[in-house]
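Please read through the structure below; I'll follow up with questions.
Per-chain residue numbering starts at 1, and chain names A, B, C, D, E and F are given in the order in which the chains are listed.
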Amino acid sequence: MDVVVQNICRADRSAADDFAEYSVATVHEAQARTGLLAARIKPIYVGAHISGTAVTVSVPPADNWMIHVAVEQCQEGDVLVVAPTSPSCAGYFGELLATALMARGVRGLVIDAGCRDVAELARMGFPVWSRCVSATGTVKETLGSVNVPLVCAGQWIEPGDVIIADDDGVVVVARRKAAEVLKASKLRKEKEAVTRKRYQAGELSLDVHGMRDRLARKGLTYVDAASKD
Amino acid sequence: MDVVVQNICRADRSAADDFAEYSVATVHEAQARTGLLAARIKPIYVGAHISGTAVTVSVPPADNWMIHVAVEQCQEGDVLVVAPTSPSCAGYFGELLATALMARGVRGLVIDAGCRDVAELARMGFPVWSRCVSATGTVKETLGSVNVPLVCAGQWIEPGDVIIADDDGVVVVARRKAAEVLKASKLRKEKEAVTRKRYQAGELSLDVHGMRDRLARKGLTYVDAASKD
Amino acid sequence: MDVVVQNICRADRSAADDFAEYSVATVHEAQARTGLLAARIKPIYVGAHISGTAVTVSVPPADNWMIHVAVEQCQEGDVLVVAPTSPSCAGYFGELLATALMARGVRGLVIDAGCRDVAELARMGFPVWSRCVSATGTVKETLGSVNVPLVCAGQWIEPGDVIIADDDGVVVVARRKAAEVLKASKLRKEKEAVTRKRYQAGELSLDVHGMRDRLARKGLTYVDAASKD
Amino acid sequence: MDVVVQNICRADRSAADDFAEYSVATVHEAQARTGLLAARIKPIYVGAHISGTAVTVSVPPADNWMIHVAVEQCQEGDVLVVAPTSPSCAGYFGELLATALMARGVRGLVIDAGCRDVAELARMGFPVWSRCVSATGTVKETLGSVNVPLVCAGQWIEPGDVIIADDDGVVVVARRKAAEVLKASKLRKEKEAVTRKRYQAGELSLDVHGMRDRLARKGLTYVDAASKD
Amino acid sequence: MDVVVQNICRADRSAADDFAEYSVATVHEAQARTGLLAARIKPIYVGAHISGTAVTVSVPPADNWMIHVAVEQCQEGDVLVVAPTSPSCAGYFGELLATALMARGVRGLVIDAGCRDVAELARMGFPVWSRCVSATGTVKETLGSVNVPLVCAGQWIEPGDVIIADDDGVVVVARRKAAEVLKASKLRKEKEAVTRKRYQAGELSLDVHGMRDRLARKGLTYVDAASKD
Amino acid sequence: MDVVVQNICRADRSAADDFAEYSVATVHEAQARTGLLAARIKPIYVGAHISGTAVTVSVPPADNWMIHVAVEQCQEGDVLVVAPTSPSCAGYFGELLATALMARGVRGLVIDAGCRDVAELARMGFPVWSRCVSATGTVKETLGSVNVPLVCAGQWIEPGDVIIADDDGVVVVARRKAAEVLKASKLRKEKEAVTRKRYQAGELSLDVHGMRDRLARKGLTYVDAASKD
């Protein structure tokens, strides 16, 4: 039942790395508004923006043993993704585990549970997106699994999928769709750059995107404040 | 039913601008502890402190179409105030809309719903006070209204009212009371400056505000720790 | 019923001060995972790390009168600990009270209720750990008690106990156990330093802590991704 | 500032009474999806369904004095509506106040705060819709106002407006629109009765409401499970 | 992108039906503590206990159009499972849709969003497990999908899986594992019946399950209250 | 560290039993508004009202082993009180443990964590006040303590204290104060009976409790609706 899956197939390295140029919002839009983790997953410090390949860990409530097991399965460019089998805000993760992960080139942690040592993690520059911050310790008594597909914060994540995380939250891109979504993200970003320039020049989205007709057909009415009474 | 009210009457410009010298807590006290939006409305980055005149937008859940409509109604010195007709944490607003609003001189956004692109918004210096941060996109399908009176985060807000926002939250001052509340805020701030000096010098509020008698009458008793057992 | 206890017995000054070298997580572990306040108590700004002796205040909901009373009972090296008798998120505390406390050498505030003026408190460098940020004012009508034992955010705290607070949260150490827990914290920190070095060198916790045998006995199985289908 | 407004103008008695035949959902739809109080307001027992005219009370946090004042302003067919000026879950209301209100013919209470004695209130048949159930007592120290317009659970309510409440929640109908909304509610209910019969007979809403074309135009595709791989 | 998958493969009818004899807790244990939906999904009335085969619906926030589409895909013995693509507490479902589903033999609804008409649904005997109760209406503007795999309240659910729901919550059993989990549930229930008899006779679990040795080895100490001081 | 304290001193049996005639609200008031557990602790079914002597259990997160240990320490008239050392909503308790407790005459359970089998518990008539309902199972790996003083839902509870619980929540009375608080509860109930009669007869609390003068002195003003504009 409790397994560690080794030698998983990861998304294309170069694609996984390139996603770091795109915001979570952009990638989420680029894949038709799918893949966004629940908003309860927040960064422990502002300004981090990473992408990488998922190593997944299914953990029991308040027991971080399997995170120790997972370290060995990580390699350069990975992002650790941890989900408890039932809700827990215990502090599964702190700076010692971060030290171990940094030594292997892991880029960050996404955990639907608690994290501690946040001041030290910020100093080290190891970003974490977590459900809560709590100094509560965990035990090492019950097994779980590493590199199995799981649901983390409402999203289905498979080992090797791409994870992108920034100040807005976290999004997952399926391994097999990485190239396609990367391309769509690039297109979206380019298109937004054009829009941004027009907005900066004072143009209105009503005109840039031609919304006026449809608004009128739906029945939107313009009235003057003075004429209201 | 769905209207855009144009040419609203705004609070006196100079008064609206001057409120930025007073904290939300001060203004809230100065108008007899009224007008404070619910504490769930938080700034997306620390350190912003603005005041301005409200342009209000009533939006359907997870639909940001009317914000696009509202941009055209904004002018220099306004603050956009957005309230959904039923609770939503979708990301109604991001840096593109902020770009459009900045081009018109809008000072910030207060939204009882979600916001995204928070890292970019911080870089741009466009402050937002929101209920949540979420990259979730919205649709453009259903109408709403612009510049109608509405309830935002528990407070009744009319177009043209003054909005003050800082790290503590957001407070609204009714357009017609702006001058009076501004004056009261000024008086309160001056009074606090005197109190602050006395506190800094080591005086106690018990003495500065003469509380000892009333405390004694209410029955407060001082005992020595040593004599307790 | 409502008392102010004077001349309380405080934890040893030097021990109380030395705790500031240890994180909340370390102290919590060092005293067998006890004493941690509920995670809802968060710092109003990042980067503060204090320790000190508790002056406790039991306050009615939305009434901060007793905090004014408590100031007089504080001395250099204290931390004010405030708990309402029923839940409240009102803004009991702001920069004026902080000014009064700083004048007496108080190091910070822990409050299971609301706090305001957070921007100014950050500028002053007076750290607060609170349940909420809210500009809502409070009244001065009903008595409470100072320096009585109380429950704050789920922990029993007695006057004179040691309070340690950092970005992870707040932990309390009983006055009589201060020396013992300080020693245990020191030992733990030293032990962690050794572990950290080994992790930095790329060693795995599975080996450093000899976990492999026990994992195998519990039935953990390693499989190869390729062999799974 | 703190006033009791007497002899308010109430919605037409007969209209206010007739609303009890319509569910909250029906009335909410009948007035274009407006007027619904926040879903946090829940009935303390199941099965109550009332309508009546609002007597409003603005109360300080954890202080129920003004509810005592409001009793005198109530008459047969009223519903008491209570909103605190800042969030509170204290138990403002129990069976003694309910006894006093029943003696005056009041039909129920809507309160964006706490309520207690819920077992006894159920036995008496005095329905309450509240934010929380809590035995916490309140004080009688600070004034508030009776029969002023206020925001309760996110909705603007004026004295004399119609309140309808059932197991789904609470909706308000503006006094001047009572007749019009009552008529729309009746029409909606009749229309739903026809729809219900067709659904009971096995007809699909896709056909009853002619949705198939629009779905197809939007691009909805039907595929067979067998053909998916 | 937006599809309706027809003629899905359902779990064995007889197995799906027999699960109604086992509680959610029993089934959850019988499949190694997996499959439990988040505890936020609660029954709208007490006493319902159902099992059936899942027809899944992925819906946009505050838009219930696809539920209407899904009705046609339902047959005798199904349970409708609805998950919004981003969090929403709108009232997607009421008694009219329940009427349509009952006409097709559907046994209940599981929805990670809001539900309304709860009094009428109780009268009809159509059970719903929902995240919230809210009379808020929804629109019919945006497509979604029917009978696609999805995450509902934290669990991966595929069309045709078995859903069991009672007063404790909701659990999903994968279609292919239905027979095996049913058997394990039966065994667990039988075993519990034996345990229950022994407990009723006054035996202790410490003895029935032979826990005393392991407790002692872990270091549990028995002391007498009198000897504590 | 982990102990089971045997032969605890319980509150006077007769006093502990007599408290069941008084509501939680009454007892809370009778002991000067102290002792009320947090409102998050709710009954799993309506209508239960118990009192008894506390047997306390401190449990690790998601581990119910010590509840099994505690059963042996219970006797006729006890109420089990369980608090996790860090927050958990796992289902620590179900009908098998309830069977064991009923065999020993235990009257109910108060737990600041999760409970399951709520339908069966209602059928058995074993009342539980819990933080959540969840079918999630727990492990039996880590020790805790029985009959040690602890904080449960924000209140300090010692073994042998009196627990009173009804539909409003739970209150604790210190063992040594049981007789005194019982007497005060009786007096309060008698006084309320008199007040109730006067209210039923249509008298107002303004007159019964002589509030009019103090209201006037505070500045309450009565105005007529007609004269407001």
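Some observations on this one:
Operating definition for what follows: a contact is a pair of C-beta atoms (placed from the backbone, for glycine too) under 8 Å apart; a residue touches a chain by one contact, two chains touch by 3 or more.
If you're wondering where the values come from, they're calculated on a predicted model, not measured in any experiment.
Between the interfaces B-D and B-E, more contacting C-beta pairs are found at B-E.
Judged by shared residue numbers over all numbers used at their interface, chain A and chain B contact each other through mostly different positions, with under half in common.
Here the spacing of chain A and chain D, counted between their Cα centres, is 40 Å. Inter-chain centre distance (chain D to chain F, centres taken as mean C-alpha positions): 30 Å.
Each of the following residues of chain F touches two or more other chains: 1, 33, 36, 39, 86-87, 89, 134, 136. Listed by chain label, the pairs that touch are A-B, A-C, A-E, A-F, B-C, B-D, B-E, C-D, C-F, D-E, D-F, E-F. Chain C meets chain A in the complex at residues 23-25, 28-29, 33, 36, 39, 42, 46-47, 49, 166-169, 171, 192, 195-196, 199-202, 204-206, 209, 211, 215, 218-226, 228. Taken in their complex, chain E has these residues touching chain D: 1-9, 45, 65, 68-69, 71-72, 89, 91, 94-97, 99-100, 103-104, 114, 116-120, 122, 132-137, 140, 143, 147, 159.
Interface of chain A with chain F (complex): residues 60-62, 86-90, 134, 136, 139, 141-142.
Residue ranges on chain F touching chain C, taken from their complex, read 1, 32-34, 36, 38-39, 85-87, 149, 151, 154-156.
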